[in-house]
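So, here's a batch of structures to check.
Across the two complexes that follow, chain A remains constant while its partner is chain B and subsequently chain C.
Then we have the complex of A and B:
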């Protein structure tokens, strides 16, 4: 049985819940009281992850930490189609890795702004918001051009990759950190497409897409 | 860094008690700083575990050790319902009461203090609303097609509190301790302009009521910290499980209230269009106007 050490309101933990739901995998969610209990820094949890971060995945004793590493593991292990993490195509694989690394940037900017505003973390709020806007602008332009070429997703292929799932939470929750998405229409359209992926599941702060117009 | 805002000048609000922190979140002998009504305040616990609050002094930065005995210019303080309350003015002798808090078998604790981009009155109003349950708390506090808000009563009590009674709603998972859907009866209370409470049937013992409150700290007029307080009849779930459940519910409400514009609550009767289900909100808005509150609201033009 897969176990996921996670916290309900964490954007990074949601990425794993979302992907597990899309893959249709059963798992046991073990809640770590990130706030206010700071349980991820407790001695008991440091035994599980000495870095004191969530999420951590335990797949029958095989432990993986770090949000994006877990997505890579789940895709490589449980997606026989090979489309979520396209290891068979060097170009697509490189682009997937590139956008996964991009998401480390949104974690330290958009996600940090949300932690500052919601959970009182001590960040330079103006700097992290400006950083988030810089990255959102890049992603918005990229997606606009991708749409012109007939692509719906970050990586130029006809199927979403784990990079889309890695970026989605920081974008869709950005307004909780005071980062408006008003100026990023392509990014907005892309969030609606992510919400329509089969097996999509929400988290507090994220809702299902409105029914499509017929 | 807290947002820059001009300090509150509303005399009614300045004289109220305001929550600033869960007692459990305070490191004794260390400086903590937050913002209340547009001005920074600092606080700590003294050697006896009693809270001490003062107007922030740039020389005493957050995290620094502090000898509470040396703080002579103190603000009024109450340690009540798991939170520290203070005031910039001349507050009443006592805070409102929550009789259930003193029942010995209750689980009472601070569930989380979460920052929200809205005014305190908008958050109170959302807390009083049942109509959003099936859409925002889908599968937990409501589910389609059970969307009707049936007629309920709203009164101002002799203690000058807003109270809504006979509020009935079908809930698939009314509390973590629930095992099946139920018609849940709610009573709502607004015992303080920036506090909303609800009482609802406790699934493990339907003869008793769980009590849940949000104590709102107005950081500015349009920025709050929502302090979640639980007073539960539940002998099964851990504190942590109950806290996370409450955080999940609150996390679902958060984007809804952050998207309500204007962020300050308009008090003019025709500023927003109420429906029958908004009876408690209409009474609350009128009550705020009668109290003369101007902070966090858009007063009716004279």
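Then we have the complex of A and C:
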């Protein structure tokens, strides 16, 4: 049985719940009270992850930490189609990795702004918001041209990758950190497409999209 | 009226919402499935939530917060989940703004609608070719400053980007050839700049508008006069995106050195009290709308379908189950249910069954009224409201009684809610709007040629035991409705889950009595004489009272009763509503006591 050390409001934990749901995998969510209990810094949890952060995945004793590493593991282990993490194609694999690293940037900006506004974290709020806007501008431009070339996703292929799932939470929750998406219409359309992936599951603050054209 | 571009047409994709803004005013833009584009105030009338967070279901926009729904085109509120049984006043309407699509852009104006101007002024330059919008560029700077900078924008003609060897890969550069491109600013008109770049005979025009989002925020929306040839179309789009992004960076750098102007404060005008209450219909049966018969066709063996298009003002929104009064050339007034699906407000569609034995309404419509004729109608009114919160919805139709149920079925289908429709007809030829019924697939079942006894048995089999929140809607001939009510009661369906609408009141009306009616609010006592209705007595004393069918079937002239015993003679109220004795239909019902006190 897969176990996920999880906090319901964490964007990085949501990435895992979303992907597990899309892959149709059963799992047990073990709640780590991130706020206000700071349980991820507790002695007991530091045994599980000495870095003191969530999520952590325990797949029948195999432990892996860090949001994007877990996505890579789940894709490589449980997606027989090989499309979520396209290891078979060097170009697509590189682009997937590139956008996964881009998400480290949104975590330290858009996600940080959200922690500041909702969980009282001490960040330079103007700086992290400005950083989020810089990244959203880049992603919006990329996705606008992707649409022009006939692609729906971050990586130029006809199927979403784990990069789309990795970026989605920081984008869709950005307004909780005071980062408006009004100036990024291509990014908005892409969030609608992510919401229409089979097996999509929401979290507090994220809503379903209207169904796709049938 | 000043028009501003607010989006690219391509931004309004299938069933999405788009967050637009002009001069500080936030707007929601959305495209319905019939391709109509809506531009509204971005606030729900209920709690002020942004409607851009809502759901576009193709015909209505639903607020995410408490589920209020607003209709395509009119922005009229069609549904309030907290009051599923009550029709919201049809005048509860969100604020709409003028909107148009031209040159691949969506245009709007925040100034009052100016009749006769359906969109931004036409530009000869863009009328001829195949205008191609560029990627919009957001600039955090005042609109006038952005337009100033745009006047100095220089680019290569599309042919130069696409035809030079290796040019497609070289879209970043702006290089003048020997002697230079012939590039010029052709025209500057406040927030619009027209530019021309030429290389001998090859020339490209670019018209760029600056959308004034706010005091310190702008969007550059450029449109090329011609679509660049396919292989290098992207190179041209990237060429402009690259150069305009650099222009943006320069303008933003400059703007950052200057004080940032305060955001524009817009006034949000609350909906007036009159508009948020029930509509004032005034005394009598009014027919404020004019419609033209756009199409008349045979909708079944004995049913004529009529498509009524607006003359002058657009048609108001309506709810599933609503009916209109139709004023006929022979002076009669008849009620017909709208068969339209949700959000269809370009025309109303009704079905009229020929009843040769009746007083001549249907005969007039079948034989006299033709395509092109203009008729007067009332605004839609709904006394047969549909709940969208039930887990099981059964629609039972007898003959032409299918009309309000067709509207309900389309509404449920549009919202992705399940329903079961059962149509009882003599045979297939008598099934009204058969094509529409067929489109419901397995959800619609036809029952042909059953006797009254067999019909009642069949209804029993269909209904089964009542399950939590199941709702039944029935419309058809009086005996069928009576049988349904009885069968449902025997199977344990609670009365409030059984909704019915009669075409006509079969009751023999007793109007032989005389009594007093005291009006508590007006401080007036009237005498109702034999052969006179309460409604007539009220009107004789200039008391405002709306009415529609005036025979106790539609429920429009309902009044609250504070004291006195009521002689109910209508077919609108349910048994328990009658027993409660606190309301009556003033067109047919009377008093058994000497005196009634009404809350009027």
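Here is the rule we go by: the second predicted complex is superposed on the first by the 210 of 214 C-alpha atoms of A that agree within 3 Å, B and C clash if a C-alpha of one lies under 4 Å from a C-alpha of the other, contacts with A are read in each partner's own complex, and residues count from 1 in each chain.
The definition used in the following text is that a contact is a pair of C-beta atoms (placed from the backbone, for glycine too) under 8 Å apart; a residue touches a chain by one contact, two chains touch by 3 or more.
As the structure is a computational prediction, the values presented were derived from the model and not from experiment.
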item	value
Touched partner set for A:205, first chain B, second chain C, both or neither	first
Chain B versus chain C as contact partner of A:78, first or second or both or neither	neither
Touching partner for A:185 - first (chain B), second (chain C), both, neither	second
Which of chain B and chain C A:149 touches, first, second, both or neither	second
Chain B versus chain C as contact partner of A:35, first or second or both or neither	first
Touched partner set for A:141, first chain B, second chain C, both or neither	second
Intersection of the chain A residues that touch chain B with those that touch chain C	207
Chain B to chain A touching residues, read off their complex	1, 22, 24-25, 110, 112-117, 225, 240-241, 243-244, 247-252, 254-255, 258-259
Chain A contact footprint on chain C (complex, rising order)	7-8, 11, 13-16, 18-19, 21, 53, 55-58, 64, 135-136, 138, 219, 234, 237-238, 241, 245, 416
Contact footprint of chain C on chain A as seen in their complex	137, 141, 144-145, 148-149, 181-183, 185, 188-189, 192, 207, 209-213
List of chain A residues in touch with chain B within their complex	7-9, 31, 33, 35-37, 39, 117-120, 124-125, 175-176, 178, 203-205, 207
